[in-house]
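The first chain written gets the first letter, and so on, giving A, B, C, D and E; residue counts start at 1 in each chain.
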Amino acid sequence: MVITGVCLLAFLVVLCFFLGYMERKVAAFMEIRLGPNRVGPKGSMQIVADTVKLLFKEGLTPDGADKFLFNLAPFIVVITSMLVVAPIAYARDFQLWDINIGVLYVSSISSMAVIGILMAGWSSSNKYSLIGAMRSGAQIVSYELSIGLSLISIVILSGSLQLSEIIESQANGWWIFKGHIPVIISFVIFIIASTAEINRAPFDLTEAEQELTGGFHTEYAGMKFAMFLLSEYINLFVVSAIAATIFLGGWMPFHIGGLDAFNHIMDYIPSSIWFFGKTFLIIFIIMWFRWTFPRLRIDQLLNLEWKYLLPISMVNILLVTAMAIMGWHF
Amino acid sequence: MLLGQDHITEEGEFVINMGPQHPATHGVLHLKIGLDGETIKKIEPHLGYIHRSIEKMCEQLSYRQFIFTTSRMDYLSAHINNQACVLAVEKALQVEATPRAKAIRVLMAELTRLASHQLWWACMGLDLGAVTPFFYAFREREAINTIIEETCGTRLTQNYMVPGGVMMDIHPNFQKRVKEVLKQIKEKAHEYDELLTGNVIFQQRLKGVGYLSKEDAVSYGCSGPTARASGVSCDVRKLFPYDGYEQLKFDEILNTEGDSWARYLVRLGEMKQSISIIEQLIDNIPEGDFQAKTKNVIKLPKGDFYQRVETARGELGVYIVSDGGATPYRCKFRSPNFSNLSAIPKMAEGAKIGDLVAIMATVDLVIPDIDR
Amino acid sequence: MTNEELKYSITELLPVATYDESGEFLNIIIPSDELIPLMKELRSKKEFDFDYLFCLTCIDWKDHLMMVYHLLSKVHKHCIVVKAKITDIQNPKIESVNCIWKTAELNEDEVYDLFGIRFLNHPNLRRLFLEEDWKGFPLRKNYVDENMIKL
Amino acid sequence: MFLKEYFGTIFNSVKSLLTGMKLTGYYFTHLKEIVTEEYPDNRATLKMAERFRGEVTMPHNENNEHRCTGCQSCELACPNGSIKIITKQEIQADGKKKKRIDTWVYHLDMCTLCNLCVIACPSEAIVMGQNFEHSVYDKKQLKKILNKTGSKLMEGVEE
Amino acid sequence: MDIKNNVPANKLIFPGQIHETPDGGFLITKLDEVINWARSNSLWPLIFGTSCCAIEMMSAADAKYDWSRFGFEVARASPRQADLIIVAGTIVMKMAPVLKRLYDQMPDPKYVIAMGACTISGGPFFYNTYSVVKGVDHIIPVDVYVPGCPPRPEALLHSMITLQEKIKNEAFFRKS
């Protein structure tokens, strides 16, 4: 168990390297340029270079800062994002910790990241950081609701909070296909709200480079800043993995009822490839958002949640419940 | 980054200092902002972080030399700044540039305006958090820069205008290249709309933000797209034509809304007008000399001379006071950005921090032009 | 209005004004203490309606300082230059026109910074470009700066 | 009515967002649109425009002769004093003394490449060079002497 | 790609350059190499531009010149996260303390590129001006100078490659 855990952590770091590289390349190709291509083959070692550099940078703590909280905050942020990784099923029969309240666990732990961000912003004793942290508080607390509601719609349909059971319930078809329009709406809301929850553009108001120079991490340097970057990418992976698990069937292969030959071929593809394929599809979509849209303003961000996403997801829950009771889904 | 010394703000007010080094200020502007939560209560601009004493310097430079310093003021409309200087000198000498030189000047000025607006559009997206528009706009801007470089020799601070005409004749490829670039820009124009103009987030960020009434625009001395978006007709090319603008057909883009969205639309419209001006001229460059004969050492008659031109940001005035010598006695540049900046505190009253960024982006300040 | 008509109307208002018509615009030269009454008339009277102050600067003529105001009427499209002569070169001061044109505020700050003219009734007179403790006023002709390298 | 407006807004917003994504998606899938020029790799083929101003140069011919008479027009024309010409008296073959350049000092660190010196030069002794790779670790290296050691004035320039 | 081939030979010779001693030991030398490799390939510039050169700096970031190929594109707005400050544009007396402060806020190791004539020596504003700092090296130590007014984007890229060369020859573990 411990060895698996350690391996998983190492895997996460490698994954983050890959995600960083992927982000830069996606950005570059969307922006009609080449992107990193000097360091290592095709620029693949770029992120390694960045990380090594950040490791050997001077770690500054500003004079006015609350030293303890300032140094603690990045660890809290990284630890919370790593905790969420635990219950994810990476492949068939490969789940580190199949807790029976998986969905609840995921949604509750992931909202704890805001504490780290608030801590970072407050302890920096920088006004930009403080504004960034306050924005983050308002933002994450609001969007938590939509995420919760969209996850609940699947909990209602599958009747379980355990992630493995939710995956099992999709053996005959993913929820996004089985659940008709209401689940598609839930899925879209989940993607939007989780983009906001992990502070990625167009919802990156906590960092908002043009407004707040760096938001909550303005004063962070070197290793501690690297940890914020690390947690950003782990979060990105986690929300995509959760979305893939809950809406797209996790490691379940793609099956079409009745076409046995086709289904058989699909079964030959390893389950981990199914899982990562789906996850990376969602990661790509979230990156696509980032490199296309301008940033929202803070009041518009809250408007979007309270005026659009929340009412829609509430009505949606009603529909899903009705669907579950009447058995209208496949 | 934070220079904390506040004498204008009240006790207990949350004051943040935006600048001198801040990504949204496009240079080294320092805005002291009094905040109530995220809402801006008051703004005080602090200038001088790039005050290079150009006006003092001009008093020591000859009339051929002082032109080059103006390229460094509003470096995005370097050609147009230079044009203002040479026009002022020509007005004083009562020399007129040759028809060919005039056409070339207008072409260059409009290319510069186009490039400048493209850079503005790029930074507009960047300021509002969309990175990709930057690259699309710079693709076209680079094409224009290449043309300008081919003829003038440099990309940004050209120093191409000389009293009496232009320094060199246009490059033989000039006309062909310009037509290619215009074609390219027209083909890619829809991308601007798809990426930003039509985008709902973008519209929401700009509509109703940073309102400036017509009266205020006039009183604050605003000019250029900033004033035209408030309905003030102030295009120098129309009101006080120079270098043959009176013979060209183009519209002065006016909008009465006065908000950031109006300023955005006015600038987009101006890009189209610039293209139309270039198209009218590119095949009709008169033959002849590119430079009228002027004396080697220029001495202006006694008196004061004011020449205004329309740069990409508004009305630039060059005010030369001459005592009859070979150098200006006093040289004052009435810069459009200086006046436009003074209206920003008015526009940003009651706005959010994010709005301030949007306002600054639509007013499109170039700080060295303010500080000179 | 044409320059002639402007000249005629302004002479009625302010007989002490002298004129210089050699340049492009009509130049009115007035003593500095007559500035505010004249400017108020120029702004408020319907036939003048000079609502746009497009250039405000100062010239150091060694024995006196000259404030220069370039005015334009957006309605009538006529221009005028008002020049106010300040003879007290040691301790120059003049009324601020900030109450008439808001653009004057920063422009007057600039003139104060570079020429040292104190503007009375100015809301926030400060050194705009240079540091608060900068010695001297650089655009004055008698300004000396040992750090400045002459070519 | 309210609901229609509400969903109309949502529909239009989503549509506008998807239009933007379509555009970026187009470029993501069409890699031939990439316009990047790989600078250090394309040095062999990189050609500057023929009028490009990279630095002031003084061409010498194969006999180590230049065209500069030392008239100092360029020094006077330069707006920011980046040219300094030091002259010397040289005794000609016929015994006459003539002014010749000793060193032609060029401050590349101050030059704004405004082309005024080239225009001012009556004998076309200086031209704008194409090289732009001037990065150095030491500022002193940017002070250049343009006339080569032992170089002479070209025959027939002065007349 | 080997960048060394593209830097003219005379630029590699640099007075005061620190050379690796042969008795440095295998491990330390190797670690040094790794660190220098990482540092030279991950120069994050601070978004700092005061005037015209800033526009050419932006051009160097755009799609045509694209400094992201070298990994420079992570331009940080906060000096705490930047490794490199490209002083792009004139520095005046009032800005000098701010620049110094920004430089001090950057964590070690930090590098400076002086871009353009104004920053190298005051350039066009050297004579007859009262407010311009005559060269940014009066305020902060400069690693690479790149002349031009403004230098082309390629020239800026060249200067960054030159800086990479310098970093690669540094020693992380200094020997007494």
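Operating definition for what follows: a contact is a pair of C-beta atoms (placed from the backbone, for glycine too) under 8 Å apart; a residue touches a chain by one contact, two chains touch by 3 or more.
Model, not experiment: these values are computed from the prediction.
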{"item": "Shared chain contacts [subunit A and subunit B, defined touch]", "value": "D, E"}
{"item": "Most distant chain from subunit A by Cα centroid", "value": "C"}
{"item": "Chain centroid nearest the full-protein CA centroid", "value": "B"}
{"item": "Distance between chain centroids, defined by C-alpha means - subunit C, subunit D (Å)", "value": "42"}
{"item": "Rounded Å distance, subunit B centre to subunit E centre (Cα mean)", "value": "30"}
{"item": "Whole-Å gap between the CA centroids of subunit A and subunit E", "value": "36"}
{"item": "Touching two or more other chains - residues of subunit A", "value": "30-34, 209-210, 213, 291-293"}
{"item": "Contacts with 2+ other chains: residues of subunit B", "value": "1, 22-23, 48, 51, 53, 56, 60-61, 68-69, 132, 134-135, 139, 142, 157, 195, 199, 201"}
{"item": "Of all residues in subunit E, the ones touching two or more other chains", "value": "1, 3, 62-64, 66, 69, 77, 94, 105, 124-131, 149, 152"}
{"item": "Those chain pairs that satisfy the touch definition", "value": "A-B, A-D, A-E, B-C, B-D, B-E, C-E, D-E"}
{"item": "Subunit C partner contacts - residues on subunit E that touch it in the complex", "value": "93-94, 126-131, 134"}
{"item": "Footprint of subunit C on subunit B - complex, ascending", "value": "8, 44-45, 47-48, 51, 53, 55-56, 60, 91, 216, 218-221, 223, 232-234, 239, 303-306, 308, 315, 317, 319, 321, 329-330, 332, 334, 338-339, 341-342, 346, 371"}
{"item": "Residues of subunit B defined as touching subunit D within the complex", "value": "61, 64-66, 68-69, 132, 139, 142, 146, 149-154, 157, 159, 167-168, 171, 191, 194-195, 198-201"}
{"item": "Subunit A residues touching subunit B - in the complex, by the definition given at the top", "value": "27, 30-33, 126-128, 131, 135, 201-202, 204-205, 208-213, 291-300"}
{"item": "In the complex with subunit B, residue positions of subunit D that touch it", "value": "12-13, 16-17, 19-20, 22-24, 35, 49-53, 77, 79, 112-116, 119, 128"}
